[in-house]
Amino acid sequence: MRLDASAAGLFPIAVTPFTPEGAVDTASVDSMTDFYLASGATGLTILGIMGEAPKLDLEESLAITKQVCARAARIPVVVGVSAPGFAAMRSLARGAMERGAAGVMIAPPPHLRTDEQIVTYYAQAIEAIGEDIPFVIQDYPLTLTVVMTPGVLKRIVNAHASCVMLKHEDWPGLEKISAMRGFTADGSMRRISILTGNGGLFLDFEMERGADGAMTGYAFPDMLADVVRLSREGARDAAHDLFDAHLPLIRYEQQQGVGLAVRKYVLAKRGAIASDAQRKPGAGLTAKAKAEVDYLLARVARTDGRARI
Amino acid sequence: MRLDASAAGLFPIAVTPFTPEGAVDTASVDSMTDFYLASGATGLTILGIMGEAPKLDLEESLAITKQVCARAARIPVVVGVSAPGFAAMRSLARGAMERGAAGVMIAPPPHLRTDEQIVTYYAQAIEAIGEDIPFVIQDYPLTLTVVMTPGVLKRIVNAHASCVMLKHEDWPGLEKISAMRGFTADGSMRRISILTGNGGLFLDFEMERGADGAMTGYAFPDMLADVVRLSREGARDAAHDLFDAHLPLIRYEQQQGVGLAVRKYVLAKRGAIASDAQRKPGAGLTAKAKAEVDYLLARVARTDGRARI
Amino acid sequence: MRLDASAAGLFPIAVTPFTPEGAVDTASVDSMTDFYLASGATGLTILGIMGEAPKLDLEESLAITKQVCARAARIPVVVGVSAPGFAAMRSLARGAMERGAAGVMIAPPPHLRTDEQIVTYYAQAIEAIGEDIPFVIQDYPLTLTVVMTPGVLKRIVNAHASCVMLKHEDWPGLEKISAMRGFTADGSMRRISILTGNGGLFLDFEMERGADGAMTGYAFPDMLADVVRLSREGARDAAHDLFDAHLPLIRYEQQQGVGLAVRKYVLAKRGAIASDAQRKPGAGLTAKAKAEVDYLLARVARTDGRARI
Amino acid sequence: MRLDASAAGLFPIAVTPFTPEGAVDTASVDSMTDFYLASGATGLTILGIMGEAPKLDLEESLAITKQVCARAARIPVVVGVSAPGFAAMRSLARGAMERGAAGVMIAPPPHLRTDEQIVTYYAQAIEAIGEDIPFVIQDYPLTLTVVMTPGVLKRIVNAHASCVMLKHEDWPGLEKISAMRGFTADGSMRRISILTGNGGLFLDFEMERGADGAMTGYAFPDMLADVVRLSREGARDAAHDLFDAHLPLIRYEQQQGVGLAVRKYVLAKRGAIASDAQRKPGAGLTAKAKAEVDYLLARVARTDGRARI
C-alpha cells in the first residue's frame, strides 16, 4: 500500500506507549493500534513530534514501525522521518518502507529562513530518501519556527511528484487551506491531500475550507472521525455541535508541553494504552491538572457518552 | 487613583479605534470606553500589543491616554509603555501618569535570554521610569519569546515595591498561577494581583487556580466579567457553562495575526466602535472569515442573547 | 543634498556621545563630526544600532540630526529610522529630512520570515515615509535575524526608485556582493551603491567584490578611508597591508555587545569625543579589557602611527 | 584513557573526510589523524558540528570513532554526542566509549531558554549516558542560541563530578573565562579544563585570560599549538606575532556556513585529506573565494612557511 493524494478521513497521530520504567510497551502498541482502527481511522501516523520520536533510537523506531504496519495492515501508515541529517533520514525512511509503511512525513528544520532555503531543503531530502517514497510536508510553524507561504508549498508540490499530502498545522491557517485549494482551482498545482493538525482546534472550519480530514492526536479520535464524516456529508450544524461539546477538552489538550501528558492520561483511561508514562524528559500532570481533565471529561460526557470513563 | 495589588475583576485590553483612512477615531475612543464601563470593567488597559500601540506616535499615544483616563475616571487605567529604549519608555510612562493613568505595563524585549538579563532589565526599566509608578509585568512568551520562570517573577516582585500586578499570559500557564500563589502561601513573596490574558482561552480554570480576574480583549467583555464574577462566587458549573458557550468564538478570535481583525469586526457590530479598520499594516478579514464569525455569533446567541447582533 | 546611487567612499556609523551622567554631549557631537570629516568621510550615518538610537527619544534624535547636518553640511548624512511602527518611522524620517538629512536607513524588524513578508514590509515603509525620501536597505541578519536573499533585495530595489543603497552587513557576505553586482551586469537590476558594515571585518575583500566603500564605525575611520582609496586605486597589497595591521583591533572591536564600549574607549582616547560613556543600559570595559585594547593599539602603532595615543 | 580536568593544549576539531561521491574516506581518516598528531595535538575532538556529525548515521559515527581512537591511541579522543533525544545520545555515548573514546561533548538543544531548563537538561543527559563518562559542556550561543551564564555553568559543574571541561565558544567570551576562573579562585567551583573554540579568533587573549588551550579546527592546527605553547611560556609578543600573521585567514575561515569549505580546501591542499568534499548539503567555494584563500595563504607564507602550499 502506498500513500497517494486521494488520502482522506482520519489519520491519528499515534502516541508511543511506554512502561512506567521507560521501555516501549509493545502490548500497548497493539492495543493502541486496535483502538485507532476501531475509532474509524482511515490511516495512521507514527513517530511524529507527539509520538516522542526523538526519544527513540533507530532500532526502536523501526521495530515500532514494523509492529504497527503489521497490525494496521488494512490502512496506510505514515512514518515521521524528520532528522538532523539526511543520512539518518534516509536510513529511517528506507527502513520504514521496508517494514510496510505507506509513506513518510518530513518537517523543515528550524534554521531554515528564506523561501529558497526551504525549497532547496525539500529537494535535498527527496534526493536522499529517493523519489519512490510518497511523502507528506509537515507545515507547523508554531513549533518549528519555519514559515512556508502557499507559494513555497506550491513550488515543493510541483517539483516533486512523490509529494502527496500536506499536513497543515499553521496557526492561523484557514486562509492557507483556501489558498492551496485555489491553486488547484486555477490549474497551477495538482490536487494533493490536505489533512489538518493542531490538536483539532480548528477542525470544524478546516473541513469547510477544503481539508480532506484530520491528522492529529486528540484523545477522542472517534469524535474527530465523526466530525470529518458529518462535515463531508454536509451536516454542518451537527458537526459543529459535536465538535463544540469537545472543544473545552481539545483546548486543554492543545497546551504546548503539557498536551501530551493530557492526551496519554485520557488514552490510558480509555484503555487504549496501559500507562500514561512518557519517556524522559517529559512533564507529568499535577493532581490539580488531573482533576481539571476529569471535570472536563464529565462535562463532555453530558453530550457524548464516550467521555464517560 | 493608583493601581495597587488589590486590583481584581476585568481589565479589558482596549482596542484603538481608527477611521477607515487610518486616523485615530476620537469619537469611538469615547464610545468604546463607555462600552467597556457598561460591560462591568473594573479597570482598563490601553496601548497594549492588541491596541496597535507601536503604530502610534508619542503625541497620539498621550492624547488617547488623556481622553480615556478622563472618560473612565472612576476606574484605574493601565498604559502599555514597552519601548525599544528607556528614554522613550520614560517619556511615555511619565506622560501617561500626568494624564491620569493609574499604572503602566512593561513587557520584556525579545532579545532577553537568561534569568539574570530579565531581572536586570526590569531593574533598569524601573530606574528609568521612576519607583513611584505602579507597574505590571507582562509575561507573554508566545509572542515575546522571553520565558520567565516563577522564580524570576518572584525576584522582580521582591526587588520592586512598585510591582503590583502580573499580566499572566504564558501558555500553558495554569501551573504558573499555582506556583505564584504558592510563593505567597509560603511567605517568600508578597501577594500581587494576577490578571490573565491569552484572549481568555483558559479563563475558566485560571480563576480556579488563583487569578484575580482577566486582562484581555475578547469582544464580549461582559461575558468575561460574568465568568470572573461567577467563579469568585463559587458557581463553578455556571461559570463553565457560560464560558463554554463562547469558547468556539474565543478560540477563533485568539488566532495570532487574524485575531485583532475578528475582535474589531465584532466590536464594530456591537456598536462599541464605528469601524473595524486597523491602521497599516494590518490584515483584514476575507468574506469567508466574516461568514465564519457570523455563524459563530449565531451559535453563541442560542445561549447568550448578547451575541444576537 | 540628496543621497543617490553614486554614493561611495566612507560613511562612518557615528556614535552618539553622552556625558557620564547620560545626557547627550552636544559639544562632542560637534567634535565627533569634525573628526569624521577630517578622517576622509564622504558621508555620515547617524542614529544606527551602534549609535544607541533606541535609547534616544524623538526630540533628542531630531536635535542630534539637526546639529550633525549643519556641521557636516558638505557631505550627505543618512539617518537610521528603523522603528517598531510606521507612524514613528514617518515622524522621524520626515523630521530628519526637514533638518537636513540626505536620506534614511531602514532595517527589517526581527519578526519577518518569508520573502513576501520582507518585500511587503519595505513597500509599506516606503508608503509611510513617502517616495520622495532616498533610502538605504540595512541587511544585517546576525543581529536582526532576518535573512534577505539577493533575489529579495533585487525585488525591493526594482519596486522602489527611492532605494539608492544597500548597507551590506550579511555574514558571510562576499558572494552576496558578487550576486548583486551580477544583477546589474545581466541587466535585471539598476546599479545601486553598496557600502559594507560588520565593523569592517571583511572590507579588504568586499571592495574587491564590488563594494563602493564602507559604512561602519571602527574607531579608525581614517584607516577605512585609506583602505577604500587604495583598493579603488588597484593597490591591492598596500590595501591589505594596512588592513591587516588593524585587523587584530577590528576583530576585538567587532565583538557583539562589548564592541561599542571598545569603540567609544578608543574614540575618546583619540579625542573625538569627551567621554566613552554609554547611556544605560550599556556594558563598560573591565580593567583587563582596557589593558588588552591598549596592548592592541600599541601593536597597531608599530605600522600605523595614528594608533600611537 | 579517560578525559580529566587537567586536559590542556590543542584538541583539534577534526573534519570528517568524504570522497567526492559522499562516502566516508577511510584512508583520509587515518592521514588526517596523523596530520593532527604531527601538528602537536594533545587530544582530538571528532563528530562535532564542523565534523558534519548530523550527516552521519550511527553506524558510520561509531566506525569513525573506532578508527580514530585506534590511530590516535596516545592522546584522548572526545566524541560529540549531541542528539535530538537521550536514547540516541546514550547509544552514541556508550558506543563511543566502548570503541576507545576518552569522553564526550554535549551541546544544549536550541529550544532551551531559562537557567532552570539548561541545568535540568544536563542532569537528564548525564542520567541518560551514565555518570561514569567524562563530559565536556559545549557553550556555543552563536549557533545554538542558548545563552549560559557563568552561574549556570557553575551549577552544572558542581552538580556533576563527570564534568571535566568547558568548550568555551561564547562570543564575546573573554569575560566569561575570567568569571569561570574567578569561581575557582573564590572556592565556589572546582577547577575544570577550559579549551576555546570560535575558529581560534580570540585565542591570543583567551590564553591570557586563563584558558588551558584550544579546541577548534582552523586549518593550521600546528600554528594553534604554537600559540598555546608560546602563551603558556609567557612569550606574549611572540604569541601575538604568530597569531596576527594568521588572523586574516582565521577570520576568513570563521565565516558561518562557508567556513568549513575553506577549512577543507586548505586541509586538502596541505595533504591532510584527499578531497575537500562535503557530504550534502554543503556549500562549496566559488572560484573567486578559492582565489581569495590562495591570496591569503601567500600572504601568511611571508611570515609562516607552513602556509607555502
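A, B, C and D are the chain letters, set down in written order, and residue numbers restart from 1 in every chain.
Note that contacts are C-beta pairs under 8 Å (C-beta built on N, C-alpha and C of every residue); 3 or more make two chains touch, one makes a residue touch a chain.
These numbers were taken from a predicted model, which means no experiment stands behind them.
Touching chain B and chain D at once are the following chains: A, C.
Compared with chain D, the chain whose C-alpha mean position is the greatest distance off is B. Our note on geometry: chain B versus chain C, Cα centroid distance of 38 Å, whole angstroms. With centres set at the average Cα position, the gap from chain A to chain C is 48 Å. If you average the Cα atoms of chain A and of chain B, the two centres end up 33 Å apart. In chain D, no position touches at least two other chains. For chain D in complex with chain A, the touching residues are 53-58, 60, 83-88, 90-91, 110, 120-121, 124, 127-128, 279-281.
Residues 113-117, 146-149, 151-152 of chain C are the ones touching chain A in the complex. Listed in rising order, the residues of chain D touching chain C in the complex are 171-172, 174-175, 178, 201-202, 204-205, 208-209, 240, 244, 247-248, 251-252, 255-259, 286, 288-289, 292, 299.
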